[in-house]
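After this come two complexes, each holding chain A, first together with chain B and then together with chain C.
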Partner chain A sequence: MKQKHHDFGPSSVLMLLPSVFLLAVTSVYPFFWLFRYVCYDYNGFAAYFTGSYNFTHMFSDTVFWQSVLHTFEYAGMKLAIIIPLSLIVAVLLTQKLPGTDAFRTIFFLPTVISSAIYSLIFGFIFAVYNGPLNAALQAIGLVKNPIDWLGNAKIVMRSIIIVAVWGGLGNYMIFFISGLTGIPSEIYESCKIDGANGIQTFFKITLPMLSPVLKVILMLAITTAFKDYESILVLTNGGPGNRSTVMFSYIYNLIFAPSTPPQIGYATVLSIVAALIIGIVTAIYLFFARKLDDVV
Partner chain B sequence: METSVLSTKDKVIRILLVLFLSVLALLILYPVIYITLGSFKANAELLVGGTHLLPKHFIFDNYVQAWKQANFARYTMNSIYLGTGVMILSIFATSMAGYVFARSSFPFKELLYSLFIAFMFVNVGSVTLRPLFELAVKVKMNRSLSSVIFISAGTGQATYIFLSRGFVQSIPREIDEAAKIDGCTFFQIYYRILLPLMQPILATTAILSFRAGWNEYIMPLVFTMSNDKLRPLTVGVTMLKNSGDGTAAWNLMFAGAAISIVPIIVIYMLFTKYFMHGMVGGAVKG
Partner chain C sequence: MKRSVCLCLFAAFVLGAGWTNGIQDAGTGSAPAGKTVINYWTEDRHDLAYVEKKIDEFNKTNKDNIQIVLNTITDNYANMLAMSYSSGTAPDIAKVSSGTTGFDLKTFVDAKIVDPLTNYIKDPEFEETTEASRHIYEGVNAINGIPYWIPTSVRSGTRMIYNKSLLDAAGCKKLPATIQDLVNLADAITKKGNGVYYGIAATSSAPFVRWFEGSCEKSGIHPYDYNNGRFDFNGYLEPVKIANKLFKNGSVFPGSTSQGVDAMRAQFTEGTFGIWANASQEAGVFTTQFPIKKFEWVVGELPSLDGTVKGCVSSTPSKGYLLFSSSKHKDAAWKVIKYFSSEDFLKGYLENGYALPSSTYMAKHMDASKTGRLADFALTSYESTYPSIPSVSVTGDDYRKVLWNAVIGQTDAETAIKDLNTRYNEALDRDIKNGKTKRIIIKNFNPLKPETGKIEYSTK
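For the complex of A and B:
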């Protein structure tokens, strides 16, 4: 039986007010503001009506479309490494191995550090001539000449992925651990009695049992990977050339780069397109995740 | 008991797995150790580089210099202000909102609640900082970090509202009823009865929101573009990288980065449970 316990009164309104105010000012207002300058060339002081120029310009803006490709490249590589790795770590950390608590604490540690600061630290580690990474690789004879981790167009994305995996691993590990602890232990025991080995148990029991949680984690991981750019701003600011420019770092520089006049109207158009791209990717993912449900 | 039934093969596998985890743990810890020990090295030693972790001589001069000459005392104060501000505002706003969403009933309640959750997923990047900055200038809030506090708390509040609402829902309604019979008003039930019971969730909110404020980077970067005095550590340290005297300031950047990460790591070590609980509760079950 459902009963209304407290009716809506002035105290409810007052108590909701701070949160609603914050939501209205910091999220709703800027969202609708976006559409205001879509057809304008706005440099922060004056706005000129330019009709559809922002849209036509977007289609011929190769740097933007490259940045879209780079976003997919970044998200794809990051997910391909971070999801399996964090799942493996999570499975290992639920096996009652010695030192489990300490490992958990260590692996989660990067998530409490600001991505700007750890990217700065990795900037030192990646330094070409005096960085510890090159020094270590040369000392054990893996490479002859120092590698330009952040300045070489061919490897810059991989270096950025290393940093992204370092920073995000703990997050997904904790998500997976919480999913794994939800699987009843009786299932594993009966599996053991049937003589299944670790790998069989993982693929036949753990993975299927985990799939509802896995779907949520994957969705979170996808949306996060597509909107990452803080770390890139600090590590390379999109360089060399535009090799590590992703959608949101490109947009950031259109508005806030100190060296060029802001192109705010154009940036709002790109932001809306970027949000749509992420929305479409998420929708496609959800569609396939549901299809998978029907099969399994 | 369980270990006694393990075969030799299983034991070997377990040792190998622990070894794998240990290597991974070292890789994860390396940047933190590197920056902390490096902050005690002389600038010349840092520039030579190499794989030596331990400084030849431990010197504290980097910290003295960073603190006195490079404005880091200021940056640190700003970071503390930012972190605590976001924390207080988040606890204040979201514990009440969570309570109202859990216990009150009014038209369009679910719609309003889903609006909070929906905006958690709408992400249009840094462009939203532009109207917010213009707004801050208009209401003359651009001369302090308070605007940054409001925005950080506002954009992060959905998770905490979600957590508080769930927590209040798990508290039996009989407690409310009894308090109501004793003459408590709707607000008094929250303030006198439920708030003390909500302690675990308040602690989680406090810790996660302090971390969010302390680690905030792009927003304070944009808001303090022309005002060095307002910069928090994250912005102050990374700014040194782009300033003209790049290599000359390595030691300052090391000290600054250490000042920025060590306090939050200590807090993390003390309250590990709350950090992890908040992450899991806020994300997976959402």
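For the complex of A and C:
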């Protein structure tokens, strides 16, 4: 059958023009603008040429490379908890059980709250002296002395992950629910007839049928986890002793820290490196994830 | 059903947009007909009640048809000032002091963000109340001798503030004179407290400057070697090691290192720790903002390394006003600055105990008996203002954060100090080479009289 070709005429160009213009002004131009100051020490007002210093310094900046390791730690821990947990919650909430609508709303609510706001609230919850979490744990006898959730370098990352999982669970749950509702119910009926139990159904039917959706969700989750920093800034500002500093919180503080002059040029170089790291991680993930498309 | 839900959502959106627009108008200060609006930004919260009252008075009674609109910026003040200028939303005037965190006058002057006040301050009334000609501090409120703001008050150097009940319970007979004495006292209070209260508290907000920096200055320790024009952090090793014992011994209020300053002030008011530290603004804080009713509190001088005075403690010329170059009503803005610097404004301000007088004129014309607890923070003979040190683009953590991390035991002190010396001097040499800054040298610098001495600028 012949396919009808549509001409890309003047009216198409006119209709595309506003969005292309906005994209160019708000995305493309700022991206290339970044490269203006990579060889400068720029404080927002005056630029001083530094040659290749920003690049050579980047290689010896141990705080930055530690922040890269912390970013991988944070992203790994967050994904290892949030993806399975949101999938299990999504599966449970697609069952025809009483109260599922209410629970969907409750789990989704953190997604609509600003991360800065709920991080501020968690800061109070985690308080060492008279904080509700420590008070509860001491009351039930789980701990004897209050835990310094945000001031102890050994556990601060775990505290931050708790907040991150709480804030992001609802978001991924909704993605999985929309993926699960796309699986035909006849397949589950056939499984029941064939005598498959819940766990067999989940691993043999649900997960494989979800593969294409799972691939996209994982990619979004990886890029989001690598870019997370707002909660960390509010909870600990990268402390104690830079233990919870991640790439973008370090870059943010290079520009906006109140105690030092802004270093936009150097921050630009680090932003480009951070973007490259995320790009490489995403590319590796897509290489290994291509098999997920072939599952169904 | 769906249609009515859509209609409700649309109505909510329209109402919300209209409401938000109203709030934005209030923030930017839309002028009543005929009035000249002067937008004034401040970061100070402790004197807000008084300042708002005086602004209201001015707005109702001034004959120049000027309306002052006040905006309080509570976080990242210096950055907000810079960003406001870049985005074209800068105020007409902004409060500043030598202690404004992150504020570098030279950056603002080089970028032509602020106008010099050279001609304005020749006003005889202004000179009378502020003694402006005697308060020009190079690098602090003036660049190359040209003034950009004039202090109308001064904040004392930091002091130790004690909960007397807890001191008495711990058997303290004499306030600590050395940093080791302070550690011993904190340990004694903590031991007596038995988990209910502790010796001393820290804070996440500028912890280094609360008492430790002042104690080091009093011990003759400063990050910049004015004689040689180099950064030198070696003097901090010993006080860092002694102060670290507070944390090793468990005498610091748990979790205080991650709590803001207002949270810790509230805790002090509740008697959960015995020793706090800050400057003269605490007189107003513990009288009106977080009034202390449960115990008697006393103010003591900072301890030093060996109990003697080897250097001045920095006092902070305060409550000055920048005039933004983008202001469209500079004459009206100057009238507002003049009002904030007038005897009418300052008399009540100083008598309310918000700050100490910076001029002998105001010191004579105010009723010192009304200042309440501010009298406890009166300037000592060893308080002054140090010349501004070069602002350098140092990557990594700044020296205050690094040294404080060493105090709390997060990093090794020797390694930290060696790293600071390297990074800061490399940054200084690099910025001088790039033309961004100059080396400041004061031959025969006297730390007991830092305001004296001739400043030389070198590009070597």
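Convention: the second predicted complex is superposed on the first by the 268 of 296 C-alpha atoms of A that agree within 3 Å, B and C clash if a C-alpha of one lies under 4 Å from a C-alpha of the other, contacts with A are read in each partner's own complex, and residues count from 1 in each chain.
Everything below uses one rule, namely that a contact is a pair of C-beta atoms (placed from the backbone, for glycine too) under 8 Å apart; a residue touches a chain by one contact, two chains touch by 3 or more.
All of these numbers come straight from a predicted model, not from anything done at the bench.
Peer 1: Evaluate whether chain B and chain C can sit on chain A together after superposition, giving fit or clash.
Peer 2: clash
Peer 1: Looking at A:264, would you say it contacts chain B, chain C, both, or neither? Reply first, second, both or neither.
Peer 2: In the superposition, A:264 contacts chain B only.
Peer 1: Is A:284 touching the first partner chain B, the second partner chain C, both, or neither of them?
Peer 2: In the superposition, A:284 touches no partner, neither chain B nor chain C.
Peer 1: Going by the contact rule set out at the top, does A:127 touch chain B (first), chain C (second), both, or neither?
Peer 2: Both partners.
Peer 1: Scan A:239 for contacts with chain B and chain C and give back first, second, both or neither.
Peer 2: A:239 sits against chain C, while chain B stays out of touch.
Peer 1: Output check: A:92 vs chain B and chain C. Expected answer is one of first, second, both, neither. What do you get?
Peer 2: After superposition on chain A, A:92 lies in contact with chain B alone.
Peer 1: In this superposed model, does chain C or chain B come into contact with more residues of chain A?
Peer 2: More residues of chain A are touched by B.
Peer 1: Mind working out whether A:142 is in touch with chain B, chain C, both or neither, as first, second, both or neither?
Peer 2: neither
Peer 1: Go through the superposed model and pick first if A:207 touches only chain B, second if only chain C, both, or neither.
Peer 2: So A:207 meets neither chain B nor chain C here.
Peer 1: Could you look at A:80 and tell me whether it touches chain B, chain C, both or neither (first, second, both, neither)?
Peer 2: neither
Peer 1: Once the shared chain is lined up, is A:150 touching chain B (first), chain C (second), both, or neither of them?
Peer 2: second
Peer 1: For the combined three-chain arrangement, which segment of chain C clashes with chain B: 78-86, 96-104 or 384-392?
Peer 2: 78-86
Peer 1: Can you list the residues of chain A that touch chain B in one structure and chain C in the other?
Peer 2: After superposing on chain A, chain A residues 44, 123, 127, 129, 131, 256, 258, 262 contact both chain B and chain C.
Peer 1: If you look only at chain A, which of its residues touch chain B in the complex?
Peer 2: Within the complex, chain A contacts chain B at residues 4-9, 11-12, 14-16, 18-20, 22-23, 25-31, 33-34, 44, 89, 92-93, 95-99, 102-118, 120-125, 127, 129-132, 135-136, 139, 166, 169-171, 174-175, 178-179, 198, 213, 216-217, 220, 223, 227, 229-230, 233-234, 247-248, 251-252, 255-256, 258, 262, 264, 267-268, 271-272, 274-275, 278.
Peer 1: If we count contacts the way the header does, which residues on chain A are in touch with chain C in the complex?
Peer 2: It comes out as residues 41, 43-46, 48-50, 53, 57, 61, 63, 123, 127-129, 131, 146, 148, 150-151, 153, 236-237, 239-242, 254, 256-263, 266.
Peer 1: Can you list the chain C residues touching chain A in their complex?
Peer 2: These residues of chain C touch chain A: 76-79, 82, 86, 101-102, 104, 107, 110-111, 113, 204, 253-255, 257-259, 267, 272, 391-398, 400-401, 405, 408, 410-411, 430-431, 434-436.
Peer 1: Once bound in the complex, which stretches of chain B touch chain A?
Peer 2: Against chain A, the touching part of chain B is residues 2, 13-14, 17-18, 20-22, 24-25, 27-32, 34-35, 38, 46-51, 89, 92-94, 96-97, 99-100, 103-107, 112, 115-116, 119, 121-132, 135, 150-151, 153-155, 157, 161, 173, 176-177, 185-187, 190, 211, 214-218, 221-222, 225, 233-235, 237-238, 241, 250, 253-254, 257, 260-261, 264-265, 267-269, 272, 275-276, 279-280, 283-284.
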